[in-house]
Structure formats: C-alpha cells, structure tokens
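Quick one: this structure, given as structure tokens, is what I'll be asking you about.
Note that the chains are named A, B and C in the order they appear, and that numbering of residues resets to 1 at the start of each chain.
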Amino acid sequence: MLALAAALALLPLVFANNYHYEVAILVGLNAIIAVGLNLLIGYAGQISLGHAGFFGVGAYGSAILSARYGWPQLAALAASTALTAALAYAVGRPILRLKGHYLAMATLGLGVIVSIVIATEDRLTGGPDGMGVPPLAAFGAALSGERAWYALVAALLVLSVWLALNLIESPHGRALRALHGSEVAAEAIGIDSARHKVLAFVLSAVFASVAGSLTAHYSGFITPSRVTFLHSIELVTMVVFGGMASTFGAVVGAALLTGLPQLLTVLKEYEMVVFGAVLMATMIFFPKGLVPSLAAAARRFAR
Amino acid sequence: MSAALLQYLLAGLTLGAIYALVALGFSIIYNASHVINFAQGEFVMIGGMATVSFLGAGLPLAVAAALAVVVATLVGLALAKFAVEPARGASVVTLIIITIGASILLRGLATLVWDKKIHALPAFTGEDPIAIAGATIVPQSLWVIAAASAVFAILWWFFNRTLAGKAMLATSHNRLAAQLSGIGVRRVLLASFGMSAALGALAGILIAPITFTSWDAGVMLGLKGFAAAMLGGIGSGPGAVLGGLALGLAESLAAGYVSSAYKDVIAFAILLAVLVFMPGGLLGARAAERV
Amino acid sequence: MSVLRAEGMCKRFGGVSALDGVSLSLAAGTVHSVIGPNGAGKTTFLNLLCGIYAPSAGRVFAGERELTGAPAHAFARAGIGRTFQTPQIFLNMGALENVMAGRHLHERCGLAAALLCPPWRARAERDCREQAAQLMREVDLGQWLHAEAGALPYGALKRLEIARALAAQPEALLLDEPAAGLNARETHEIDELIRRIAARGIAVVLVEHNMRLVMGVSDRVLVLDYGRALAEGSAEEVRRDPRVIEAYLGAEALAA
C-alpha cells in the first residue's frame, strides 16, 4: 500500500515527456476499474463481460450532463455514478442468480445493449462519431495539464486500492470470498449470497463508472469504441492477467495491458499477433495470473 | 400471412441457421472440455477469407470451400493441442482469456496473411431472387438453409446413432467413466475442436456471399453464436439449433417491425429475459447442485 | 419447547421421491441421530432442515417461527447450522478465515465501515480473529491457525467445518457423516466433540454410518429407509425394533 503510493509519487522522476504522463494517466484510470472489477471476479468469483457498459454510462453521463445540459462537472459525475449504481443494482439482482457461463452471457448482453444505445442515440451522444467533453473543473478552476491529472489519478488509485483492501479484510470481504469458495456453505453460515453478489457488482460498476467519467473529461472526447464488448473483455483480461484475487495484481494487469499495446505499436502490423500470443502464453504458463504466480515462485525460491 | 412477415421470417431463418451452426460449435467444445471458446467466430472468418483467397488463386468454388474447411479444422486442432490442452485444470475465466488471446492472434494473422479489406464471395448459384408468395429470397439463402439442415441431421445421427458420437457425449457427462471405458479424453477434445472449427468455417462460407467477409467478420458472428448457444442451453445440440433460429428470427422481426438500429438490443433483451426466467436456457439441464 | 421441528417433510426430484413424510422434533442439548442405508434420504432431510432445499410438502419451524420456503441464510439466522458430507471448505481462504467467516451473523459492520476501516473496526476484526482462533483450538486445530485451508488433511477439514458452524453460535447443529473417512482415533475425537457440543445446550442432528458412535451419543434415533421413517425411538428401542433389524441393521446387529 505505502509502496504503491511511494512508487506513484516517484514515477514522475523518470517521465521524460507528456506522452509518458499520458500513458501513466490511462494506466491509472484503467487500474481503478481493474481494482473494482477484481472485487467481483477475483474475490466474489462472479464474471462480468459487460463492464465497459458501466464505464460508458459514467463517461457519457458526465459528457451529456456537462456538455449538453451545462451541469457542473462534479455534479454530473455524481449523478452518472448514481445512475450506474442504480442500473447495476436493478440488473444485477435478477442476473446474478445465473451461474458461470450464463452469467457471462447475461453481462455481455447488458454491455452490448448499453453500447448500441449509446451508438444509436446520436442526438444525445453524437453517435458513432462521439462527442466532446468539457474539461474537469471545480470551484471555478479547471483541472488542466498532464501533471495535475497525474496527481489526481494517482491519488484516486491509491484511494481505490486502500478501499478495496479494507473491504476484503472486512466481514463483507470474507462473505464475498466465502461465496466464491462454496455458495451453499456460505449460505449455511448466514451469508445472503445474492445480496453480497449484488454488492460486489454494484461496487465494481461504480469504480468503472467513476473512471469512465474521468476518462471522458481527461480525453476531452468520447466515442462508443470505448464502450464495446472488446473493451469489456480488455477489462476482464487486466484482472485475470495480473492475478485474480490480488488487488496489486489488478494494478499490474492494468499497467501491462494498457502499456503493452503502446509498446507494441512499434511492431506495426505484427501488433495483434504478438499481443494475442503474449496473452495466451501468459495464461497458459501462469494460469493464476502474473502476480500470484510470481509471488508463489518467490516463496518457493526463498525456502 | 403478409408478404412482409414472410420476408422477415425467411431472412430470420437464414440468419438463424448460421447462428445455429456457430452455436453448435460452442456446444460441442463445451461438452468435451467445459471451455467456452471465444475464438469460435474466427473459424467463421477463416472459412470465408480462405475461400476468397483460394478462389482468387483460380480454384473452383467447391474445391476452394473444401480447402478452407480443412484450413479451419487444422487451426482448430492446433488451438486444442497447443493452447487448451496445456491449460487443462485452469479456471473457467483463465480458459476464456486464453481463447480470447487466440482470437486476437488469429485476427492478427488474418490481417497478415490476407489484408484488412472487405471481400465478397460470389453466390453459389446465381443472384436472381426467387419469389415466394409475395416475398423474395436469394438463392444463397436457400443454400444456407439447406446446407445447415443437412449438417443438423448429420450431427444428430452422429451423436445419437454412432459409437464415436455417443462416446464423445459420454465424456461430457462423466469423465471418469469415459476414461475407464477407454475413450481418450484427449482425442475427444481434439475431435471437438476440429468439428467445431469445420462447422464455423462452413457457416462462414455459406454467409459470405450475403454479408461479405473480412478479417474481423468473426467477432459479431461469434458473439451471436455464443448467445444462441446460451439461449438454447449450452451443451445441448437441439438447444443450439433452437437458440440460433430463435435469435435469428427475433433479430429479423425486430429489424422489420421495430427498428433496425435496435434489432440487436431487442434480441439481447429477449435473451436476458429468457435467462432470468430459465437460468439454464431453453433446453438446458436443470439439475440441483448436490452437497 | 423444541429448537427445531419438521412436520411431514417431503422432497421429490422430478418423479423420484427422495423423502416422504418425515417428521422430527429436536430438544435443546440432545443428540438426534438419523441413520439408514445409502440413498435413504438422510442428506436430503438435512438439506430440508436447513433450507438448502425447499420441501415439496411439509413445514419447518425454528422455535415458534415457521421457516418453510425461506432461503438457507435465513435458517442460519434462526440458529440452524450444519456441516456437509463432503466438506464444503472455502479453499480460497485461510483456515482461520474460514472460522472467522462463520461469525458473519455476529459481526456488526456496515458497508462504509468495511470500506473505511475506522479504529473500532480494526479492534472488532482482532476480536473476531481471536474468537475464531479459540474455536479452532477447541476442536484441536491449534496447529493450523496460520495455514491455508487447502493445506489441511481430511480429518482436520471435517473439524474445521464444525468449528466454522459453531462460530455462528447455532442452537441446532446438523452434522452430515462427520466421522466418514476418519480413522479410529479421529472418530473418537468427533465422538467427544459431539458430546461437548450437546453439553453446551446445542441440539445436534447426527447423520452417521458408524453404529458405535451413533448408539453411544444419541438420545434418539430416527431410521430412514427409501425416504420413509422406518422407526424412531431411543437407541435401545431402535436397536431392538424388528423392522429395523430386518431392513437395516441385519444380521450384523443381532450378532453384536
């Protein structure tokens, strides 16, 4: 925890230019989503292939309320977060009764529905071309410049990790892990498994939504391509790649999966092939994800 | 029946038959390995794209199509052998990510081997629409429906009447029993990926003259095939066919009567509703968990 | 006053009747055994008693409250705990955390407190940990306090499950074959443990095949056969019941 905060504080020393800041900010925003999604996938053991939809509700909620209706940005952010939470709650209650691949399908369907609505309602959203978003501003001052954004995102990431770690070590977190381990046994000790699954779903949706709002403000522009099925998959991949049920794994996963494509652009047309191959090889050789597998290897080595 | 309704039904049936073929691929692999193969759509893409390129090399359509099915099957076997088999025992999500990696890899390869352009395949037998009771249907649609029906019948026969087919089903119900009776679980895994790849490629070849094909044509078709398999109940052959047809018809009717922009929204909303009320899909098993 | 009462419980799976009109009334501090051949419906009966299955017919009460049709966690809240025939351990957690999870119903913690972890929460967490550790020592798992649950041997897992169930402070505890797969020494430990649990005033329902264990600890014995109650009475009455001898205990019991 402190190590993460220290690393985030020292990182700017090696940043040579704005591009580095830009990548770091995107990594941080994705890491916030991954930390939240990990509560659902890694700890509660429930998959979602639709979280780009919640990202989208946050991003477009903020964009539409602030750009089209002139709301103050923070109010727009709060309102779209509340909207996401309400949506996740309303949809989560019926679909989280589904198990395994059926849940995967249902969440995927939800994500697809959100993405099509966003791409189609062009009067509000600008359709496939996307829409402009005013910069983040509060108390009369606009947040601008890569450094200021980096500070904000780094602080929020540390906050997210702290909240997630607290939750995991609380009775709620134990309940989530318990129902992952054995749902009947969890019920038999009084854990309302449905309620706790919905709790994890709503929390992870809120993380994605807030990151979505911030991403929209930071980029100044948002298109439906960030709300697609493929983006949902990317988010899940971050969690699994870094390591399920490992909060730092989620941060590492987000960093690698956001950073890797940036590095791979030098490979030009080979980018997809290499990315796909790296993804496959990592999951075949480290099925539990990078961080837990490497930690286990380090422990074995120490003995 | 109004001509418009008939028109939508015919279009829905064509689309549904394609979805059903892809869905069968999902279900066959699921039965053999409990893996949801997110690279299933890429087999569809390979089928279409390979046929286009063999055709471009001067081969006759039938030969080009047959070779394309062979290529896809080989890719399927390689996927099973080099990616899924070594990861046996990994969690469901890990396996999903592996097949997603495979799908990205295959799409990347497609852009290298072929290109990023959109390609058309000529219709098998002419383009002139045929009139039926006020509606029209292109001959290719008839090809789709006829070929898919034949495949469904062959698969039904294979899984219900032949020893090899029954053995494949047996492994899905009970791995241990299958092992004891000498059915190689490994061979079944390979066979299932080979068969699913061939089915996907066939779907890709059949649909390419109607919807065109390209390096990323498999994404949406794979998604719809997955949806159809889940709608029918994953692992159930008749469920896959029913799910495919239901999804195709829902989409086509929604496009016709409501809004073409929202056709997928309506199809997926119906899917969600079905799953909420029938958590195992239309024909899926509903066994209570035993403790 | 009975802690747990079931009237005319029936459960059908498809066309198969797994349980047919079985009743039970459980008094505090007593051990009530359920015996019968494999497939007789013993596990099904326990699943009905703790809400994992909803009965096809019949009613369940915890004290005065009717729980028929309620979800399993409501049964737990009403003071009914259980263990499973094949241990249902949270293998993704530590051994101690399994038992801490058992205290779920007794932890007072809102979502905000969970996320922000104020000092009082940290203290509560330490108390929870200490109480769970105490329970583990009571079931002789003191050496496994810091182990991952998956590292425990089978016999220890069975006791870990009992500790987890006890952590919920149940009024009735349903044990599904707690001695199955255990050696003589471990079986003896379970025997002692059951007596200690009953001595605390907890009502125990014991499903078990080990007849020496059953006949030794039980206040009452219910014999199931093909989903029906064949006989019910004290251990001695059941042992003498000719129908039971015929159907279940067979020549083995006559010889004993």
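Assume contacts are C-beta pairs under 8 Å (C-beta built on N, C-alpha and C of every residue); 3 or more make two chains touch, one makes a residue touch a chain.
Values in this document were obtained by computation on a predicted structure and should not be read as measured data.
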Which of line, ring, star, complete or other matches the graph of chains that touch? complete
Between B-C and A-C, more contacting C-beta pairs sit at A-C
Distance-to-centre winner among chains (Cα means, whole assembly as reference): A
Rounded to the nearest Å, the gap separating the Cα centres of chain A and chain B is 31
Distance from the mean Cα position of chain C to that of chain B, given in whole angstrom: 47
What is the distance in Å between the mean C-alpha positions of chain A and chain C? 41
Considering chain C alone, which of its residues make contact with at least two other chains? 52, 84, 88
In chain B, the residues touching two or more other chains are 291
Expected list for chain A, residues touching two or more other chains, is 184
Considering only the defined contacts, which chain C positions touch chain A in the complex? 50-52, 71-73, 76-77, 81-82, 84, 88-93, 97-98, 100-105, 107, 109, 111, 113-117, 121, 125, 128, 161, 164-165, 167-168
In their complex, what parts of chain A are in touch with chain C? 45, 163, 166-167, 169-175, 177-178, 180-182, 184-194, 199, 245
Please output the residues of chain B touching chain C within their complex, sorted ascending. 288, 291
Counting only contacts in the complex, chain B reaches chain A at residues 30, 36, 38, 83, 86-87, 89-94, 96-98, 100-109, 111-112, 219, 223, 226-227, 230, 234, 261-262, 264-265, 268-269, 271-272, 275-276, 279-281, 289, 291
Touching chain B in the complex, chain A uses residues 41, 47, 94-95, 97-102, 104-106, 108-110, 112-113, 116-117, 120, 184, 229-230, 233, 236-237, 240-241, 244, 269-280, 283-284, 287-288
